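Think of it as A, B, C and D in the order they're written, each chain with its own count starting at 1.
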Amino acid sequence: MQHHFNKVTDYDTISKLFFDGMTLLFGGFGGVGTPPSIIDCLIDTGVKDVHLIGNDAGFPWIGIGKFISLGRAESLVASHIGSNPMAGDLMNQGKLKVEFSPQGILVERIRSGGVGLNGFLTEIGKGTQLAYDKPLINIGDKTFLYEAPIIGDVAIVYAKKADTFGNLIFDKTARNTNPYVAMASKVTIVEAEEIVEMGELNPEEIIVPGIYVKHIVASKEKGYNWKWKWEMQDK
Amino acid sequence: MGDARQIIARRAALEVKDGMMVNLGIGIPSLVPDYLDPSINVFFQAENGILGMGPTPLQNADGNLSNAAGLPVTILPGASYFDSGIAFGMIRRGFIDVSILGALQVCSKGNLANWIVPGKRVPGVGGAMELAYGAKNLIALMTHCEKDGSPKIVKECSLPITTFACVKKIITEMAVFSIHEDGLWLDEIMDGCTLADIEDATGADYKISTSL
Amino acid sequence: MQHHFNKVTDYDTISKLFFDGMTLLFGGFGGVGTPPSIIDCLIDTGVKDVHLIGNDAGFPWIGIGKFISLGRAESLVASHIGSNPMAGDLMNQGKLKVEFSPQGILVERIRSGGVGLNGFLTEIGKGTQLAYDKPLINIGDKTFLYEAPIIGDVAIVYAKKADTFGNLIFDKTARNTNPYVAMASKVTIVEAEEIVEMGELNPEEIIVPGIYVKHIVASKEKGYNWKWKWEMQDK
Amino acid sequence: MGDARQIIARRAALEVKDGMMVNLGIGIPSLVPDYLDPSINVFFQAENGILGMGPTPLQNADGNLSNAAGLPVTILPGASYFDSGIAFGMIRRGFIDVSILGALQVCSKGNLANWIVPGKRVPGVGGAMELAYGAKNLIALMTHCEKDGSPKIVKECSLPITTFACVKKIITEMAVFSIHEDGLWLDEIMDGCTLADIEDATGADYKISTSL
C-alpha cells in the first residue's frame, strides 16, 4: 500500500511547482503554522508576481513575510498586515496590492472553495469600506454580502506529522488556517516535521485526510528557522 | 451469460485503477469490489465520513464502523475518519477519481436519473446529486432495459433528473457506452450480444467507436 | 474549575427542554451516531408536532425512526427516508411533511447556521425538482441556488466521550453529522458513553469544543439499545 | 489617578463574571486578566483556534502555542485546540459571552471604529468585525480623548466603521457609558472626575443614569 500512495518528495521537485503569477495560499497565523523550509524553497526559486492569500503578512523575517519583503508578491489578500511594516511600505509605494478581508470571512472563503461550494452570504462587513465591491444579495427582507470562494494554484501547509499518503495532524495553535488551505488548491504541498508510514496515525486524530495532499516534504530542520518577536524581546 | 448484475459489476471493476480514490453507490456498484484486480490498491470513500475502507468484517462487526449504506466495514492502514461535511467536501470538489452509481435512466447528454420514480415510494436523493456532480469520472451502472423491455438509455430522461451532464460512461450487461461533447458512443459489446441486439434495446442515437 | 463549568445533568432535566412544535436537529447517519437514550427520553416526554432535521429517517426501530414511527413529527428535512417505510407511509398519508435535501448540502446548511453565516450558493441540484422553491442568485454570468442556514431549537448529539465542560470526541463513523448538529441549535444536549473530568481529553483530539454544549447526560446503557439490520439478518 | 490604561483595564475586569467565555482584543484589553477576581474561573478564547488559555508561560514558551497576537500562552484543564474557521464560528454565532476590544471612536448608536485611520499606515481589520458582530456583550475600551483633547465618544464616527450598532458599553479612564435603544447613558464616573469633566470631554449627548 505504501508504495502506491507515497507522496513524499524533495525540495527540487516541489520547487518546479511554483510559477510566476501563481495564486499561492499559505497556512499560518502570524507565522505560526507557516512552513519554514517551503518558504525558503519558494524564495530560492525566484518566482515573482505571486498572488498571495492567507491570514496575514507575517513579520518581515517570519513566515510569508520573508517572501513579501523581497517585493515578489503582486497582490495579497489578508486580514491584516500590521506585523509586517515592509508589506505596508510596499502597499503605500503601489508595489503590492492589498485586499483586506475580515479574518474569519477569509478563512470561510478558502473553505468554501475547498469544499466545492460557490461562496456564501454574510452580514459581516456590510456597509463598511471592505464591502465596497462585493455583491449585495437580498433574501427575503434582508440584505447580505456575497463572499466568493477561493481556490489557489498552489497551497503550502505546515503539519506536525504526515503519513506518506498525506494524512495530517497539527501542533496546538499551528493548526489555524492550515486545514482549509490544504483543501483549497489545485496542488497542495505539505511540509511535515515528521513523516510516518501509513497506519501509524490514529485515524480518529487525523485532521486533514490525505486525499487533499499532492506532495510531502520533510522539514529541513526541527521547528521554525526564525526567531519570534517575543524571543527577541527576551534579550 | 450469467447474472446481469454480476456481468456489469465485473466490467465496472476494470475502470478502477491502482491508486484511485473511489466511491461506490448502493445496488450494483456495491458488487464491484468482488471483481477488483487483487494487485491494485485503492481507497474507498464513504459519505458518512471515512476514507480507506477495507472489506466486510468476518466477525466482531462494529456498529460504529459502517459505510454509507449502514453496513459494517473495516479500515486499511492510512484510513481516516472525518465528519460527513468533509466527506461531501471531497466529493463536490472533485477529489474522488471515480464514482460508480446505479442508474434508472441516462440520456445521450449524460443526464442521470436515479433518485425518484414518481408515484412509487420516494426514498430521497441521499448523496447522489453531489457524487454525480463532483466525481472526476462518473460511471453509471444499470441493466440495459426495464423488465418490460423499454430502454433505459434514452434521448431524454422521462424520470426526474438527479444531475445534468454528469455521466461519462454507461455499463450494462449488453454494452459499454461513453458520453462525449458530441453525444453517445458505443465502445464495447459484451459477450453474447450483437450490434443488432443493442440497436433494438437502446433508446438513443449513438456513434460506433472505431475500435469495434 | 470543574464546578463552574459542569454541564452534566439527568434525563428529568433534559426532558423539560423538549416542547411541542420545536425544531429538533439530530445527529446520526442511518441511526449510527444518534443518541439512543435521549431518543427514548424524547419519546417518553410525549412531545408532538416536532420539526425534525437530520440526515435520514433511520429505521422504524432505530434512531430517530423510533420517534417518527409514532407519528409525532410534523415535518422532516432529510436526504432520504428509504430505510424507514413508516416515514414513507406517513408522508403518503399526508401526516408527515418531508423536504428532501442533497445529503452534503443539508449538512452544510446546518454548518452555515452553526458558524453564524447566512447561507451559501451552490450548483448542486440546480434545475432539479429539489430546487423548485430555492432562490436563484446570479453572480457574474453564473446562476446558483441559494441554500438557507439552519438553526434548531434543540440539538441531540451522541459522543463517545465528553468531559464535564462538553468537549467531545466521537467513535469512528458515528461522528458523521454530529459536529455540525452540535453547533447549530439554541440548546445542544449530548449523550456520552463516557463522561470524564476536564483535562482528561487530549486538547488536540477534541472534535467539538465544549462551548457549544449546554447539557450532558450519560448513556443509560453501553452502546445502542437497538439491533442493526445486519445483526438481524445474521440470524 | 494612575495610568489611564490600567484604570480602564481594572474597571473592565469587573465585567468578566464566573463561567464566562471571553475574547480580549489587543491593546488595553490585553491588560484585563491582571485585574480579574482570582476566585472566578473563565475561559479565554483566541481567534487562531484555542479555548481555555492560561497565563503567559514563565519559561519554556512554545512557538506553536500562542494567542491571536502571537504571544506565548499556556492552557487550562478542559482547553481545546481547533482551526481558525471554527474559532470564528463561535465568535459569529454568539458563543462568546463578552468581547472586550480597543476602540478609536464609538458613537451614541454603538457604532465602533477601530480598524483604520485613513492616511496613516493601514494594519487591516483582523478579526474585529466579527468579534464586534457576534459577541453577546461587546465592551469598548479607550482613553476618553485623543492626545489633542478631541473626544472619541462622538455623535457620528468620522473614522471608517468596523461594525455598526455593536458596542454595549464604553469604559474610559473618566467614565463608564452603556448604549441602549434610546442612546448613550452615563452609568459611572471614575474617581477624580466630575460630571463637568465628562461633559467637556464627550462629543455626544447622553442621559445620566439614576444610579448616579
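Keep in mind that, in the parts below, a contact is a pair of C-beta atoms (placed from the backbone, for glycine too) under 8 Å apart; a residue touches a chain by one contact, two chains touch by 3 or more.
What you see is a predicted model; the values in this text were computed from it and never measured.
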**Prompt:** Using C-alpha centroids, which chain lies at the maximum separation from chain C?
**Reply:** D
**Complete:** Cα centroid separation, chain B vs chain C, in Å, comes to 29
**Message:** On a C-alpha centroid basis, what's the spacing between chain B and chain D, in Å?
**Reply:** 56
**Fill in**
Taking each chain's centre as the mean of its CA atoms, chain C sits from chain D at a distance in Å of 36
**Message:** Counting only residues that touch at least two other chains, what does the list for chain B look like?
**Reply:** 81-82, 85, 88-89, 91-92
**Asked** Out of chain C, which residues touch more than one other chain, so two or more?
**Response** 108, 115, 117, 123, 170-172, 203-204
**Message:** So which chains actually touch one another? I want all the pairs, not just one.
**Reply:** A-B, A-C, A-D, B-C, C-D
**Message:** For the complex, give me every residue of chain C touching chain A.
**Reply:** 108, 112, 115, 117-123, 135, 137, 139, 142, 144, 146, 148, 169-172, 203-205
**Request:** Provide the residue numbers of chain D that touch chain C in the complex, in ascending order.
**Result:** 18-19, 21, 40-41, 43, 45, 51-52, 75-82, 85-86, 88-95, 134
**Message:** List the residues on chain B that touch chain C in their complex, please.
**Reply:** 46-50, 61-72, 81-85, 87-89, 91-92, 116, 121-130, 133, 160-164
**Message:** Using the touch definition from the top, list the residues of chain C that touch chain D in their complex.
**Reply:** 1, 4-5, 114-117, 163-165, 167, 183, 197-199, 201, 203-204, 206, 209-212
**Message:** Considering only the defined contacts, which chain C positions touch chain B in the complex?
**Reply:** 29-33, 55-56, 78-83, 85, 88, 91-92, 98, 100-105, 107-108, 111, 123-130, 170-180, 207, 223-224, 228-231
